[in-house]
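The next part holds the structures, each set out as structure tokens.
In what comes next, chain A is part of two complexes: it sits with chain B in the first one and with chain C in the second one.
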Partner chain A sequence: MKFMNGNRKRYLTGIFFIAPISIIIFTFLLLPILQTMYYSFTDWRGVGEYSFIGLKNYINIFNDSSFKYSLLLTIYVGLSIAFLTNVIGLTFALVLDQALKTKNILRTILYLPNVIPIVVAAFVWRYILDYNNGLANKFFSTFSSESIHIPWIDSPDYVVPTIIMISTWQMIGPVMIVYLAALQGVPLDLIEAAKIDGASKVKRFLNVTLPMIAPGITVNILIGLANGIRIFDLPYALTGGGPAGASETLAIKIYRYAFQSTELSYGMAASFIMTLVALVITLLFVSLSRRYERNVM
Partner chain B sequence: MKKSVIWLGLLLFVLGSLVACGKDNDSASSSSGDGGSSSEPVTISAFIAEDLFKSADIMQGFIDRFEMDNPDIKVKLETVPHGEIYERLRVMVSTDEMPDIYQINVGHSISYLVEDAGYLYDLNELNSASNFSNAIQEGTQLNGKHAAFSMGVGVLGFHYNADMLKEAGFEEPPKTWDELLDLGEKLKADNKSLLAYSGKWTTGLINVFHWTFGNYALKNQEFKEAYLSNSIDWSKPEYREILMDGFKKFNELNEYVYTGSFTSEYGDAQQAFVNEESAMVMGGSWDIGQIRDLNPSFEHSFMNLPYDAETDNSYIYTAEDGLAINSKSENLEAAKTFLDWLFSKEIYEDITKTLANTSAMEGVGELDPVYVDIPQWLETDRVISFANTGPIEEAVITKLGETAQKVTFDGDIEKAADEFINEYNSFKE
Partner chain C sequence: MYSNSTTQKTEANRIKHKKNRLKMLKKPSFEIVVIIFVLLFSIPIYLIIINTFKTHDRILKAPLSLPDFSVGFQNIVEAFQRMDIVKSYLVTFSISAIALVSMIVLSSLAAYAIVRMSGKIFKAAYWVFLSCILMPVQAAFIPLIFILKHFDLYNNIFGISLVYIAILSPFCIFMYSGFIRGIPIELEEAAIMEGCSTLRLFFQIIFPLLKPITATLIIMQFIYIWNDLLLPLVILNGSDYPTVSIGLYKFFGSKGNVDLNLLFGGIALVLLPVVTVFLFLQKYLIKGLASGSIKG
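Then we have the complex of A and B:
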């Protein structure tokens, strides 16, 4: 009986601890998601009466070729950002993990883009990448006898790589910090043992360092994917989704449906699809990362 | 035990906060009802885009003058960037948090939403309603209500640099589409652009289509009615042909457009014009103040787009954005007093002078010399009074701009037309 009482007390204490955050998560996260799902099957415009229209919003969305483009673009941007931030972030982390005199300054410089509000950064980049008078084109022109005009944000062929580049530049800092923390947790004796066994630098990295920082890889892939899939502010401020809708990510599309039209339920259906896509991709990569962690540990 | 009490307290605090969030904000409202104590001034809220009065400071200046004349009424001003005004209003309608006075454009779909939700007050009840010209009174009607007091008259067109045109061999602005393209070709040969669009945002890029639809509406009443009721049947070959013509002409024009027009801000386009990188900038008669701000001594003129032969070409005229009253306002009388004061002839004259707007009231204000031709245009029977998004959802208009741009990059007009029509129909349903 005493055991039962103690157990119950622990149980209640646990409930007590998680109650505040559970209420907040339910009210501000789960409830809106459920409401979004509910309204996505209606023709609600944000005000007034509404009626159930079944899957009509979803059918219309999937009949829209530009929605499919935005969906694929978002997945492409999300994966590219996750890949590039991880590769470049890890590279910088490996360099800065060495005994460099300038490593603190370099860390600060690399982290700096992340503290600039992305909308501000977008406006600055817009002037740097301006086709006619931008700094980037003027810089490249100095290496050529002719004036170079690269349409960084003014051509559908260039605008997506440009957005990935800027987003990667902005997100490298936090990714690098996570890797630096993970690298500092790698036991030196393991590295030394591998050295004594004659393992080359590459083999030491692949067989000792990389497995030891695997949890960091999982975290960083998650950060990269989450930031990439929900990307909105950068392309919206930089190009407004243009030119010709080439940089119209799913989040911009949803914004247009929900807030630039009176078709709120249509936007809700689109946002529900985006949530599912984000969930599937994230779960897939997390499970792959976890499997890798299990295999190497 | 102590810890349990602390956690219980924390839980109650969180619950209390949540309950407070869900409560009506009567007590938190900045407004105090008309029925309040006579010694306390009534506070009304006004919500506008920061550029409606050129800047928030200018609007605040007028508010200060009003408050001096009416010490029992205070006006609390909230401004947002130009691009956010309708999104914010949409949210305010949905959450039942409408300000006492707000900015709308009668042609914009948000106005229909505001009316449906019962927030649109009939301004005919105000004395100053009769100050507006008949055309503006008609142009600002919605469901029989005088929906907004317009800041001015807007006519779409091109500001052009006559000197650049002369250098390209044009003593007069081009009168036909072919002449316009010829001018573009000559300017291009000199590494200059014919025109810059008025920015990347929705209506900036589809301006050419105002003439596409406007000119056809002059000839075809059925199309005009379908356009205004957002029910165009694009399966009709003649309607599709008109749309295709719009895509074709937009594409032709893009050969000579200032690169960056598809992704730039309105101000960038005007800057390119003032810097003489572009001979024209697309926009309207509301732009003069901003152009003069960039370069007060910059000489330029204003022309209509020669989309069709002069006899078939429309003049696109619209009442500019204006101020409306929340019909559910607790401070209705105070809001009416403020708008009556602001749109009295005396104050409105000051507004038009300050903003360099084209006056919406007869006999009030002076027409800027740049717009000297506009009164003659408006006397013709070729005036089309729908502009900006009209009754069409902004997302659909955006799609029109996107698909039109796609033609420029991939040349597939049929595909672009199908994509736009699909979007139009999905919203029409």
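Then we have the complex of A and C:
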């Protein structure tokens, strides 16, 4: 009986432990998102009376080609950033895990882009990628007889890859650090054993190293997707969503609906779709990589 | 400390193996190639550093050349006078301090309960927190502003801090729970036997063990808050509470490309505190991650 009481007390203490943060997360994140969902089925304009209009906002929004473009763009950018940061971050981590004399300072340098405010990064990159006088175009021109002018930021065809490139540059640091940490948990005896068994370098990586760092992959996919799908600051500061809406991600579009238009409930339908996309993609990838973790352990 | 005996063994093995590796070190050319790659990667950073010490004309004509130091710290001083940077520092530091302290304490408490208490509610809480990591805060904006206004927290430092806590804590809880899973439970059992309350047990035994991962989270989330543009743009009035990002964004907007030397001075001012914090704490980054949370 006494034991039961102790357990009950512990249970209540547990509730007391998770209560404060749950209240804050509920009030300032979940509740407003639920309200967004609620209003997306109405014709609310921010003030006054409103009535329910069913799925009308959603039907309108899927007939809006600029919204469909933003939706696909966001998914594309999110997946590309998650993929590239992981591949490049893991490569750098593997390289820096070697016995290099300069590895500590190289690690710091690789992390620095993440420390720089995106507003600053956008400014410096705009300066480097300038159509007429940018360093990048000048650099490429030295390899060619005529001067090369690549419209990195000024053309709708180039702006998306440019944004993916800059964002990847920015996110390499944290992803690489997570992989470096994960690599420290890989027992070298295992790798040596595989070596003695005659496994090739590639085989050793795929069959020994990769499974051991699987939890790191989950964390990194989460970091990559979180930043890719919600990307706002970079395109906003770099191009303002342009040229001609080519880099208008969902986050920017929703910001516009909310603060630069009167179609509030329409914007809320868009917001709710974005929430669903973020949720589905994340849970899908996390459960996939969790399953991989379980299979290999 | 307790779970580390195996880690130490692996660590010792690693050092032994590394020494072997060092002996048969691949040609130093490998390292040089790596260094060249990293240097190419960091050209934007190089640009910021050198152009802080150049005149407008020199920046335009020879952006990549080394400065002759004739301007000294003039660019930084001038930007300092024009940007009202002290106010920006104070505002951003206050927000970061309030948000980080509450976030660390509350998330670690919640993670502890999730890992150590049995009951469906804790399992459910874990999944709710996990799915909150990816919730786009943009989707919450309009109702969020109404909620903040209702509590008199709109255009208020506490208000924006609470929103940061709400959006950044889920990731902290995720990392903390991974870490706490690696702490052997025997420690706590002994304390419970002696009748130690769970709250005291947490702060006296568990929380000190969380130091490495706490340092990692502080670095990551401090950088996020310091650099964030979106929330201050939406929740704060830029002239009442100019955060560092907002101040810089306005500074860029008003100057355009006219005074490049001033711009680079301003950039240096914004970077100084966050880079300093990063350089001081960075040695904990890998330590914090390696000692648990990402070993699943």
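Methods note: the second predicted complex is superposed on the first by the 297 of 297 C-alpha atoms of A that agree within 3 Å, B and C clash if a C-alpha of one lies under 4 Å from a C-alpha of the other, contacts with A are read in each partner's own complex, and residues count from 1 in each chain.
One rule holds for everything that comes next: a residue touches a chain if its C-beta (ideal position, glycine included) is under 8 Å from a C-beta of that chain, and two chains touch if they have at least 3 such contacts.
Keep in mind the model is a prediction, meaning the values are calculated, not measured.
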Message = A:Ile116 in the overlay: touching chain B, chain C, both, or neither? Say first, second, both or neither.
response = second
Task = Based on the superposed arrangement, let me know which partner A:Ser65 touches: chain B (first), chain C (second), both, or neither?
result = first
Message = If we overlay the two complexes on their shared chain A, which of chain B and chain C does A:Ile128 touch? Say first, second, both or neither.
response = second
Ask   = Given the touch rule stated above, what does A:Pro156 touch, chain B (first), chain C (second), both, or neither?
value = first
Task = Could you tell me if A:Leu264 is touching chain B, chain C, both of them or neither one (first, second, both, neither)?
result = both
Task = See if chain A has more residues touched by chain B or by chain C, and give me that chain.
result = C
Query = If you stack the two complexes on chain A, which partner ends up touching A:Gly48: first (chain B), second (chain C), both, or neither?
reply = first
Task = Scan A:Leu288 for contacts with chain B and chain C and give back first, second, both or neither.
result = neither
Message = By the touch definition at the top of the document, which applies to A:Pro20: first (chain B), second (chain C), both, or neither?
response = both
Request  = Under the contact definition given at the top, report the residues of chain A touching chain B in one complex and chain C in the other.
outcome  = 13, 17, 20, 24, 27, 46, 259, 264
Task = Could you pull out which chain A residues touch chain C in their complex?
result = 10-11, 13-15, 17-18, 20-22, 24-25, 27-33, 35-36, 39, 46, 95-96, 98-102, 106, 108-121, 123-125, 127-128, 135, 169, 172, 174, 177-178, 180-182, 184-185, 187-189, 192, 214-216, 218-219, 222, 225-226, 229-230, 232-233, 236-237, 250-251, 254-255, 258-259, 264, 267-268, 271-272, 274-275, 278-279, 281-283, 286, 293, 297
Key: Contact footprint of chain A on chain B as seen in their complex   = 4, 7-8, 10-11, 14-15, 18, 86-87, 90-91, 93-94, 109-110, 112-113, 116-117, 200-202, 258-260, 262-263, 272, 277, 393-396, 398-399, 402-403, 405-406, 408-409, 419, 422-423, 426-427, 429
Task = Show which residues of chain C lie in contact with chain A when the two form their complex.
result = 7, 10-11, 13-14, 17-18, 21-22, 25-26, 30-31, 34-35, 38, 41-45, 47-48, 63-64, 106-107, 109-110, 112-114, 116-117, 119, 121-122, 125, 129-144, 147-148, 162-163, 165-167, 169-171, 173-175, 178, 197-199, 202, 220, 223, 226-230, 234, 244-245, 248-249, 252, 263, 267, 270-271, 274-275, 278-279, 282, 285-286, 288-290, 293-296
Note = In the complex, chain A touches chain B at residues 13, 16-17, 19-20, 23-24, 27, 45-48, 60, 63-66, 126, 130-132, 149, 151, 153-156, 159, 238-245, 248, 256-257, 259-264
